[in-house]
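When the chains are written out, they are named A, B, C, D and E in that same order, and each has its own residue count from 1.
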Amino acid sequence: MVNQVIFFYFAVVILASAILTITQKNPIHSVMFMLLLFFHIAGVFVLLNAEFLAAVQLIVYAGAILILYLFVVMLLNVDRESTAARANRFWPWMAGFGALIAAEVILLIARGTFPSEAGQQPMRLAGSGVKELGELLYQKYLVPFEVASIILLVGLVGAVMLAKKRASD
Amino acid sequence: MLDMNQLLHYVFTLGIPVAVLLAFILANAVYLQLMERKVLAHMQGRLGPMRTGWHGLLQPIADSVKFLMKEDIIPAKADKWVFSLAPFILLVMAFGSMVIIPYGPPTDFFGLLPKKVPLWVSNLNVGILFVLAFSSVGTYGVIMAGWASNNKYSLMGGFRSAAQMISYEIPMAFSIITVVLMSGSLNLSDIVNAQTDRWFVVALPVGPVAFFLYLMSGIAETNRVPFDLPEAESELVAGYFTEYSGIRFGMFYMAEYMNMIVVSLLASIMFLGGWLPVQILPHTLGHIAPIAFINKLLAAIPPTIWLLGKLYFFIFFYMWLRATLPRYRYDQLMSISWKILLPLSLGTLLVAAGMKQMGWL
Amino acid sequence: MIPLSWYIILSAALFTIGIVGVLSRRNIFIILMSMELMLNAANINLVAFSHYSQTLTGQIFVMFVITVAAAEAAVALAIIILLSRNRGSIYVDEFNIMKG
Amino acid sequence: MLELKLNQLDFPLLSLFIFLPVLGAFLLLFIKNAMAARWVALVVSIIELGLCVPLLLNFDSSMAHMQFGESIPWIAAWNINYRLGVDGISILFVVLAALLTVISIMVSWTAIQDRVREFMIAMLFLEAAMIGVFVSLDLFLFYIFWEAMLIPMYLLIGIWGGPNRLYAAIKFFLYTLVGSVLMLIAIIAVYFAAGHTFDVLALMNYKFSHTFQMWAFAAFFVAFAVKVPMFPVHTWLPDAHVEAPTAGSIILAGILIKMGAYGFLRFSLPFFPDAALAWTPAIMVLSVIAIIYGAYMAFAQTDFKKLIAYSSVSHMGFVTLGIFALNLQGLEGGILQMLNHGVSTGALFLAVGIIYERTHTRQIADYGGIAARVPVYATFLMIVTFSSIGLPGTNGFIGEFTILLGAFLHYKPYAVIASLGIILGAGYMLWLYQRVAFGKITNAHNEHLADMNAREVVAALPLVILVFFIGLYPNAAFGVIHASVENLVQHVNAKMASAPAVTQMLSTVIGN
Amino acid sequence: MPTLYQQFMQSMMPILPEAIVIIVALTVLVFDFFIEKERKSLLGWYSLAGIVIAAYASYTLMPMGGTFFGGTFHLDPFATFFNFVFYIACGLGILVSINYLEVEDIHRGEYYALMLFATSGMMFMASAGDLILLYLGLELMALSIYILAGFMRGSNRSNEAAIKYLILGAFSSGIMLYGMSLLYGLAGTTNLSGILAFLRVADLSNPIIFLAMIMLTVSFGFKVAAAPFHMWVPDVYEGAPTSVTAFMSAGPKVAGFAVLLRVFLYTFEPLREHSTAILAGLAVLTMAVGNVMALSQTNIKRMLAYSSIAHAGYALVGLAAGGPDGAASVMLYVLIYAFMNMGAFGVVIMLRKAGERGEEISDFAGLGKTNKTAAFLMLIFMFSLTGIPPLAGFIGKFYIFKSAVEAGLVWLAVAGVLFSAISAYFYLRVIMVMYMHEPKESIELSSAPSLALALAISVTAVIVIGIYPTDLLNYARASIAGIM
């Protein structure tokens, strides 16, 4: 019961801040709502017994990715922001389209079934499953793990190469 | 219908500890300022505040009242929303970290309580990660304050500070991971308990290095001397909080001291055995009567006092540094992080991992 | 006890908000953030399923998704910096040198 | 029942036919000098023509089987084999293709000055592909040659053609491509329907279901009809003929458009006899329309080449009329007429090419009275005009007469209308000849027209000889094709007879 | 008793080719610091050598089949086949780049490293036995190519190409991820075999299964440039550096098909009827859009972009046909397509001299006179792309349409051949311009041994495969046997 109330709070805040994120005129305000959203998603993760992920969500998503956005948004502070149109000219169509998708997806989900829904109990693992996660990550998902490291390297190389000013430019 | 028992449970497990913690923090934040002024003054052969109360003991109260009474000015061109929010973010994040930290083993306060209560608000299994998470989110407060002020000094200060905090977070994280590796747990209580035999600061060869790394990064994280570039008065006025005044200015101050407390607490917990008492050579000569007696005496001091003692030692250390060291240049600061601390921390982690694999740690 | 479908509906709604954001906004930052919303929607799903199907795969997946999101954001922002340096615009509908 | 008789020469003669020009083309890649390129191409094509001698000498015209057979597994996974062979129907086209290539190369000797080497390479590739089409006995192989031919032909028209060549080239390419891709699907369908084989002989013996036949026949029909070209899809032909260089026109008229009719004979009829029968009335109508319409359009032309192009439409109408008469006379006449048309229209284009090289105009009005200046040329033109008209004694007469004979047997009304086409043909050709050769010289340029030189005479001579040889001694040709055609007719009838419903249809048609 | 080191090497054996590619890429990044600007082409040759060694490693690993790393990684003939295609695409891509980068003055070591990283990503995609590895491989590839597309940092067009590609790429992978999450929720596993096992016993009327399938289709549609998810292709192809466009048109598209094949023909096998309808519809639309839009293009890169959409359509026909033959036809097709497309772009790159754009079709005018070899090569590639025998393009299309007819999709095959007849128009236009228009001014072509080698390899492959496809065909069929 308490959990449900907490979930409800999280859900409402998540959706509200998501909507605010995409409707803000100033991207910095969007970032702020995004931050709020990430916090609450981390909350949802905690509800789902995924504390480790909640921390990762905050450290990486909020603490690194979003900060990066904030940096760049501030660096490129484009002052036309206040006068230019917010959305492209199709936005009412797109919003309608989105509503349609949402309705459809939710309808489909309501009609469909997930096997795990049928009476199984949520997982309880000692220590938030960090140990289990680690074992899975370094044994079964070793190759994806290595690939992920290469992805980060590529992101690093790419970002530096593209954005760094050079003498020749 | 909420269960009454459940509600009570929440009051006792959340409400009271949070209230206690808040009181502790407020007192600390306020009086640490006085302590800083006093320490600095004495190191420089001055006396510091003397007028308000005995040896200026009431000075913090006076300052607080002044902060509260002053007009809260928001610059006209500032982004009001963000401007007002920024100090809160800093404060909340610092408080968030403190919520996770254990202040001692469960205790019944010398039999005062019917059963043992934990000395923490929440003992998360991945607690240390959350401390990292909150500290990384704290960056927002700084950068947003700098941006929202619509002042180039503030913006510069904000950017510098954010860049600095992000850069030093990485060696800090690696040194923390080294500790996690040594203790085998992400839970702060477990980390303390893993140091029963030997504090990690003396766990050669990686312990001291990790400790050094952590301390360096911690000082930089809190924007303290010698890494206080964001608020370098000579260049940037007061950095990101140049435009702040009144209670919001006070919040920044408070947040800074709270961050200091968090960093110091973590340093104590991770490297200096947390609430574990100092023991003189317990394994080799601990059975010799006088030494055993001293050890017993030391162990009689309540754990939380030990922790607080270590905490204040670190805080004193901060102030000592401030009195002693000049400020780095900004590019030096960044290169220290990326070129020295990061490789060093990576190397430490590797050595620790290798030793762990071999069973030497 | 929260039914699984609550999580899924939450994530579906979040996902849709993300899609609408991508499709309708002009500001490239907000488009990118909308994509992060989509990824987060998927993450909620994955964690919820992981919780209810008693496997940890979903959580592993989420960690990888976050990793990828980080790398992608870095590259995206680098390109945006280039663009604004060369063009001075962050509106996607003004990126229209090539037509036809 | 046809079968692939083993090679009586014990030597891959037909492969040599295909690969000799290819080799020649590769040789040309290393020759920079234009004159050397001409000589190499000519020598290669003459050797190729020389290969026809052993081919004809060793050909056993008494049997209908495929001869000079070769069969090598090629793409085993799809059961595709490299299978070659000739029978009475195809052998003459091989010879004709070899002959017309030699003539084309000779006629291009001075006409082509630009990028000679490339021109010759294209010619030799074209020759290889053309011969490949006639000798391949595997549908896949056939299709490869059929399509591959488009590349050199497209380039011939597009690079060395007249002023409007770009339009003509692309029109030619697209028309034929659209037609043949549908055939490709039909080929694949046939492959699956007949149990995974592309073997033409095996497919001939396979009895396809009626519905399948109708669809597959239609798909094949589109491809072949475009090539022939039959009435509604003929529009590429005038453009292509007009714009192509002389050599291109000769090949186009002499060989390429025969391939459509050859396709009917080799594939459509034996594979899908029921469908052929069902489609016959429509095809007959189209043929007759082509005959009359082509002749009518020919009357209206002021362009020398365009007139001949439309006459081709008309003549090819006769060919399809004969083939779909579905009897011995019609088929034999059709085949002979294809040959004749190749010879006489080839000769006509040669004639146009010769004069065009001198005057650079194709307008009939620009000529007139040239007979006095260029008597040899006028004679040559007269002979080929007669041949085209079908004057008794020339080859054209034999072909058209046999076709009408065949058509009269089953389809009297069509035959009657078709014979009207002969009269019209005589009309426009003679009128053409009159306007070009007789009368006063109206154009000052023609005053100093040079007559045919030795090279041109050499090029024209074989055609003239063939005109009279076939005209006077048609049995030489009939003898070669007879056995095969007879077999074809029997084969088709046998397959039709096995289906009762169709037999009924057949009898009603015959009774008509 | 094997040492720890030996055990490690043993367990890493299956990913040896990928590891080689990645290690070469890493060393390229390092060497880049020590090699001065004029000699950067050394890095290109070094990368090429790495690709060759990786190919050799793949070859030696061929007898060793199986599933490794807890089912996440397949080392099967199917993956090996695609790995070879990726080596070809990457190798040719490097060869056409060396000279181009010098002409454009963007010669940097990162280029080759990113190319190799992208290749390794594709290889992981083809080998993935798990949605997670699939996703990561795809992102590794995509991320590298976003950067490559924006490699000409000073060029607005390149920047725009990069950001457009990135936005749509990230958008599509967001959709894909959501679909994958639903699949995971349904099956309780991200393992492809596990999902197949689930679908075999699942109640197929569950609409979520289709939701997931459609989401995956949409996102892979983006990756392989299938209409209506093709909007990014023309702009990105036009704006990206030409050598990257060449690589992009071959590599990632092929990788997309590798995944489509594995997911749709293996994992979604129980959903065959439904997926066929979707794929067939996509195929028709893609062929229509690609071929019709290409008709009116004046920029050769843009034209080739639409042509590559069209070719994705043909490959989708094979995919819709399904079955071992359909799969083998797609495999053969993408291999052939890699060769001929690389060749065509190679010629485009030949025309590119600093200062001159050389990207308009009209820039090809008179090439048949001024540079016969280049024009002839382009002629071969154009005819091959049209699908005229005896060139390789015909074999590819033939097999595709053959399997479509076999699967009973005659209407699809008919649509395919008609569209490919339409395509003749715009391919022929290039030939027409080269051979039948007069040269505007003398075009000095840039040629280099690397470019010449790339073109020679491509043209040889196009001709040889066209005439003798048997062995390759058997290899493709044998490769698919493992998973079907």
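The rule is short, and it goes like this: contacts are C-beta pairs under 8 Å (C-beta built on N, C-alpha and C of every residue); 3 or more make two chains touch, one makes a residue touch a chain.
Since we're looking at a predicted model, the values are computed, not measured.
By C-beta contact pairs, the most connected chain pair is A-C. Taking the mean of C-alpha positions as each chain's centre, the chain lying farthest from the centre of chain A is D.
Ranking every chain by how far its Cα centroid lies from the centroid of chain B, the top place goes to D. Distance from per-chain Cα centroids to the pooled protein Cα centroid is smallest for E.
Our note on geometry: chain A versus chain E, Cα centroid distance of 30 Å, whole angstroms. Taking each chain's centre as the mean of its C-alpha atoms, chain A lies 70 Å from chain D. Centre-to-centre spacing of chain C and chain D amounts to 64 Å, using the average Cα coordinate of each chain. Between chain B and chain D the centroid-to-centroid distance comes to 96 Å (mean Cα coordinates, whole Å). Counting partner chains per residue, chain A shows two or more touched chains at residues 52, 56, 64, 105, 109, 114-116, 141, 144, 148, 151, 154-155, 158, 161-162.
In chain D, no residue touches two or more other chains. Residue positions of chain B with contacts to 2 or more other chains are absent. Taken together, the chains touch in the following pairs: A-B, A-C, A-E, C-E, D-E. The part of chain E that touches chain D in the complex is made up of residues 368-369, 372, 383, 388-390, 394, 398, 401-402, 405-406, 410, 413-414, 417-418, 420-421, 424-425, 428-429, 431-432, 435-436, 468-470, 473-474, 477. Within the complex, the chain E residues that touch chain C are 131-132, 135-136, 139, 143, 146-147, 150, 153-157, 159-164, 166-167, 170-171, 174-175, 177-178, 180-182, 184-185, 188-190, 234-235, 238-239, 296-299, 302. Considering their complex, residues 3-4, 7, 11, 14-15, 18-19, 21-22, 24, 27, 30-31, 34, 37-38, 41, 44-45, 47-50, 52-53, 56-57, 60-61, 64-65, 68-69, 72-73, 75-76, 78, 81, 84-88, 90-91, 94-95, 97-99, 101-102, 105-106, 109-110, 114-117, 120, 122-123, 125, 129, 132-133, 136-137, 141, 144, 148, 151-152, 154-156, 158-163 of chain A touch chain C. By the touch criterion given at the top, residues 1-3, 6, 79, 81-82, 85, 124-126, 129-130, 132-134, 136-137, 139-140, 143-144, 147, 155, 159, 162, 166, 169, 185-187 of chain B touch chain A in their complex.
Those residues of chain C that touch chain E in the shared complex are 8, 11, 15, 18-19, 22, 28, 31-32, 35, 38-39, 41-43, 45-46, 48-49, 53, 55, 57-58, 60-61, 64-65, 68, 71-72, 75-76, 79-80, 82-83, 86-87, 92, 95-98, 100.
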